[in-house]
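Just so it is clear, A, B and C label the chains in written order, and each chain counts residues from 1 on its own.
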Amino acid sequence: MKVTTTKRIWVRSIVGAAAATALWGGAWAQQGQPVKIGLLATLEGPFAAGGADGMRGAELAVKQRGGVVAGRKIEVIKASSDAKPDVAVNSTRKLVEQDKVDIMVGPLSGGEGIAVKDYSKTQPQVTFINGGSGAQGTTLTNPSPNFFRFNTDGGQWMVGLGKAALAKGYKRTMVIAEDYAFPYSQVQGFMAEYCKAGGKVPVKAWVPLGGKDYSSVIATIPKDVDALLVVLGGADAVNFLTQYENAGGDKPMLGGSITVSQDVLNYKGKRRDSLVGTLSAGPLADAYDGADWKAFVADYQKTYPVSAGGFPSPSLFAYVYYVNMKAALDGLAAVNGDLSGNQAKYREALSKMTLKTPNGDVRLDGNRQAIGTTFVTEVVKDSQGNLFNKVHSKVDNVDQLLGMKAEEFKIGSRDVPACP
Amino acid sequence: MTRRSRSLLAVWLLVGGPIAIFSVWALVQNPRLYVVTLLNGLTLASLYFIVASGFTLVFGLMRNVNLAHGSLYLLGGYVGYVVAARTGWWPVALAAGFLSAAVAGLAIQWLILRHMQGQELRQTMVTIGLSIVVADILLWIFTGQVHQMEAPGFLQGPIRDIPLIRAYSAYRLSLLFMGIGIGVLLWLLLNRTRIGTMIRAGVDDRGMLSAAGVNVNLLFAFTFALGAGLAGIGGVIGAVELSMVPGEDTRLLLASLIVVIVGGMGSVVGAALGAVILGLAETFGLAYAPTYSVVITFLILVGVLAFRPRGILGKAA
Amino acid sequence: MAAAQWRKAMNSAAAASAARGRAATGSSMPVHRVPPAAPAPGEVPSAASDVWNELWRFVASRNLVVLLALVVFPLVASPFVTFQVGAQSLVLGMIALSLSFLAGYGGMISLAQMTVAGVAGYAVAVLGHSSSAEISLGWPWWVAVPVAVVIAVLASTLIGWLSVRTEGIYTIMITLAIGVAFYYLVLQNYSVFNGFQGLRELKPPTVLGIQWRDPVPFYALSLVCALAAYWLVCHVVRAPFGIALQGIRDNPRRMSALGYSVVAHRVAAYALSGLIAAVGGVLLAWYNALMSPGSVGTGWLINILVIAVLGGVRHPAGAFLGALVFVLLQTFAIDLIDRERFNLVIGGVFLAIVLFSPDGLLGLWARLAARLRSGRALTSNQRRQP
């Protein structure tokens, strides 16, 4: 038992010292004091690579300001989770209650986002800004007054794809996606437009999370569909493509936002050429030729060369974390670093400002959810025979209700929406 | 009719009846789907059999539930991936996967488990600890990215113009032959070689084997290495079909657990039977009832546990 | 010897040996202890004198010091430490206690204790109030919580019944498989368990005007429950049932020959541990304010085992010690080492403990204490625990 008591005394005295210092330090005016920003991403588990890139994106935003905003030094305190909501809340709680951060940026995955939003309601003195989570429910159902999301959600990322698919003549599409919240939102975003314009989705195949054996799903693909909407992660998509090709399949593919990634573009199978023309949609496009975007990519590549662990081009996670952290810092600059009065001025600045991102302007709606731009991309082959994502079209001012009225909008689930 | 054969008949009717009805319905509704799913199930079962046979050998002989089996699968798969990327030769990758996992297994047995003879629970907990550590080290080295290995050139692509099902993956079909091949090799090893006889004797009565003058430690080391090597080779094979990602170790470990619980501990034939049951249940579940396919699998497990706790072909302790 | 006579003798001998045993485990001041005189064999010590002896022993012992420390702790620590470190250790410790009770005294290592806790947590979410109004039934807490505990105890009994009819080594595999089956069930089912999202906004009720989710009240609640569980386990293992269970752990065949039903005792042990895990599960649901498949996944099933083994399964306090170390590592690891490598650290510590000190931290402590003591007393009639 003595071990426990000793440990408890040790912990208590350290904590007591820390608390005393915090109290003493906090009594000062905030001007000139460093602003503490907590940063949470999934550094463990299946999204570890994405989480690491997300942190790089956030740090890039800090570096672009030279580590200082409105005369105050930026202090980033990192925490990690493993895509489990309870771990995310534990890590956030530590950052908020123990490290006493002023602003919280994160988390990465959809389920974590909703749990952190719930937690944010109990901590009104801290401003919570999203990291990468794209679940619709975070800002749509029971939104939190101090939770801000400057990136568009999974459903918004698919706007424009439905129309483009119909334009290519895909009148009947089968959906193959993993069975959880993020693919639901992506499918809902696609189908809202597609079904309204006359498309039909006869079959939806929901693959259990983590399953890698697509042979049974492939066997159930009906003969009369024109295309397959595949909402799987990039590497899973390669797996699927290989199995599909081996089973003799030949239907064209439509990709979700994380599907047509570098892995898929480097696919070496015999059906590589059939990938040309694959449509996809998301909040960014690697080959977009906007000046701001190109500058952002160059900055990322300079700061995080491949040899230091960066990706050849910033990933979706790097981009959304960058946008959210930039929003946090731009807001601070707008109020000159004044976080007093329970951060009231700061939050008002965040709600009202127009954020300049590499892909255009982002504003927030009444639920503090971003209204932004979505790109529809198409796979093309360049002169050297490499595949890349060309920008097919761009849709601006995509809001969370996808242009529908509140009564007709339904959050995506397994059976909603349906147009067989 | 004796009581035993009557209860056996009852089991056959209770279990076989619904399956027969379902098969007839499915064949009438969509014969292609049924036959393809059947093939998918048998080929998946082959992979499970290869991995689970190592697991059951280790348990049968050494009464050691090796929960690091999944990590050995992962290790073999990653090593195979690296070797295939460097040399481009798939058989070399197979051999590398087998050897690396076998060496790791040998090290575990010789350096750690050998000193805990008889403390089975402690050995199992050591394997749990090892599985956590090995999985995290592999995550560190290979990161969370998915690694997809390519099948050898002659096995890539579909076999076309098959009646009824039109086309089927050549690699997937080869899984079936690999499983059968390894099964035959194992059978030959266990039944036609001296060391196999020793292993079988040890499964039946370890004390007697030692009393008969056999160096039990060496035999254990060999068996553990063989079991681990089987997991490693399974890893290389699985890396092509299912790709390598952290999390696969837990999945394959659970699959081996179910195969061995259903088929019976210590019996390679039982592992084959269990693998077929599990493979078919999983693929038919995915094809016809994807939402609860995994739960169906576990229901089978629970059913077997409730009525035949030792597994279908399990031996009494 | 008839079973009843044997039981009586075990009772009195157990009381005496427990006193000696407690003196030997982890004590550094044996002179302060007053071991009661062992009753003559065959004589049944009266219940009243038993309780009085126990109370006296308690007041005079180090348990009081620890108890005072636990009570005073929230008054000196920050709310964060009280809640995230203190309360979480107590709650996880309770669930680990259910495992170490089964493992240490029953010889059955069950990886499904977190599953039982998860069943209780989900039950309280479905029966009570949560964010999913279409799923939750909205029963008042004084109905929902007891019913949830009962459901979890039934689940634990069922798991026990499935696991006990085979050898001990099967138990790990079977309980792991059952635990994973439950994970997939709650992951895939949306009508009752709300699938991947889980059920959120689980709050303890506001009783007597106190918000029980606030750090200090929640800590107090967890402390009371943890102490109750600890006392229950300590009491049960010295009762006839507990002794019989330990006998079954050591030699089931002999116990069976003596007339004890091995299966019944084991299943009853599962039910009892299920009770402790269920209460822990309800508290865990309130602590996390949500119940999701991630809470009952493979990672957590193994973490509970790690916690129990870390502390040492031979004494109930080990579970709480292990939980404290685990939570401290989990919370503060990112400040010391790479948080990404947390699994490596905890796995390595677990491996080290199993290899070098199978009795966990408590065993390490006992050995240290024995080594320190052996320098002092050359003669001692206290039986040392190995």
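Keep this in mind: a residue touches a chain if its C-beta (ideal position, glycine included) is under 8 Å from a C-beta of that chain, and two chains touch if they have at least 3 such contacts.
Everything numeric here is computed off the predicted structure, so don't read it as measured data.
**Student:** How are the chains arranged in terms of who touches whom: line, ring, star, complete or other?
**Tutor:** Shape of the chain contacts: complete, all pairs touching.
**Student:** Using the touch rule from the top, work out which pair, A-C or B-C, shares more C-beta pairs.
**Tutor:** When the contacts at A-C and B-C are counted, A-C has more.
**Student:** Averaging only over C-alpha atoms, locate the centres of chain B and chain C and give their separation in whole Å.
**Tutor:** That pair's centroid distance is 35 Å.
**Student:** State, to the nearest whole Å, the distance from the C-alpha centre of chain A to the C-alpha centre of chain C.
**Tutor:** So the centroids are 40 Å from each other.
**Student:** In chain C, what residues contact two or more other chains?
**Tutor:** 184, 188, 343
**Student:** Mark out which residues of chain A touch at least two other chains, giving numbers and ranges.
**Tutor:** Where chain A meets two or more other chains at a single residue, that happens at 48, 179, 208, 414.
**Student:** Hey, what residues on chain B touch two or more of the other chains?
**Tutor:** Where chain B meets two or more other chains at a single residue, that happens at 139, 291, 294.
**Student:** Tell me, which parts of chain A touch chain C in their complex?
**Tutor:** Residues 1-5, 7-8, 11-12, 15-16, 18-19, 43-44, 48, 78-80, 82-87, 89-91, 93-94, 97-98, 111, 114-115, 118-119, 137, 142, 179-181, 208-209, 413-414 of chain A touch chain C in their complex.
**Student:** For the complex, which residues does chain B have touching chain C?
**Tutor:** It is residues 63, 65, 67, 112, 119-122, 124-126, 128-130, 132-133, 135-137, 139-140, 250, 254, 257-258, 260-261, 265, 291-292, 294-295, 298-299, 301-302, 305-306, 309-310, 317 of chain B that touch chain C.
**Student:** Looking at the complex, which residues from chain C come into contact with chain A?
**Tutor:** Its residues touching chain A are 26, 28, 62-63, 65-66, 69, 73, 76-81, 83-85, 88, 131, 184, 187-188, 190, 195-198, 200-201, 288-290, 292, 294-295, 297, 299, 317, 320-321, 324-325, 328, 330-331, 334, 339-340, 342-343, 361, 365.
**Student:** Applying the document's contact rule, which stretches of chain C touch chain B when the two form their complex?
**Tutor:** Listed in rising order, the residues are 109, 162-163, 165-170, 172-174, 176-178, 180-181, 184-185, 188-189, 298, 302, 305-306, 309, 341, 343-344, 346-348, 350-351, 354-355, 358.
**Student:** Hey, which residues of chain B end up touching chain A in the complex?
**Tutor:** 32-33, 36-37, 40, 44, 139, 143-148, 150, 156-158, 160, 166-172, 241-243, 245-248, 251, 282-284, 286-287, 290-291, 293-294
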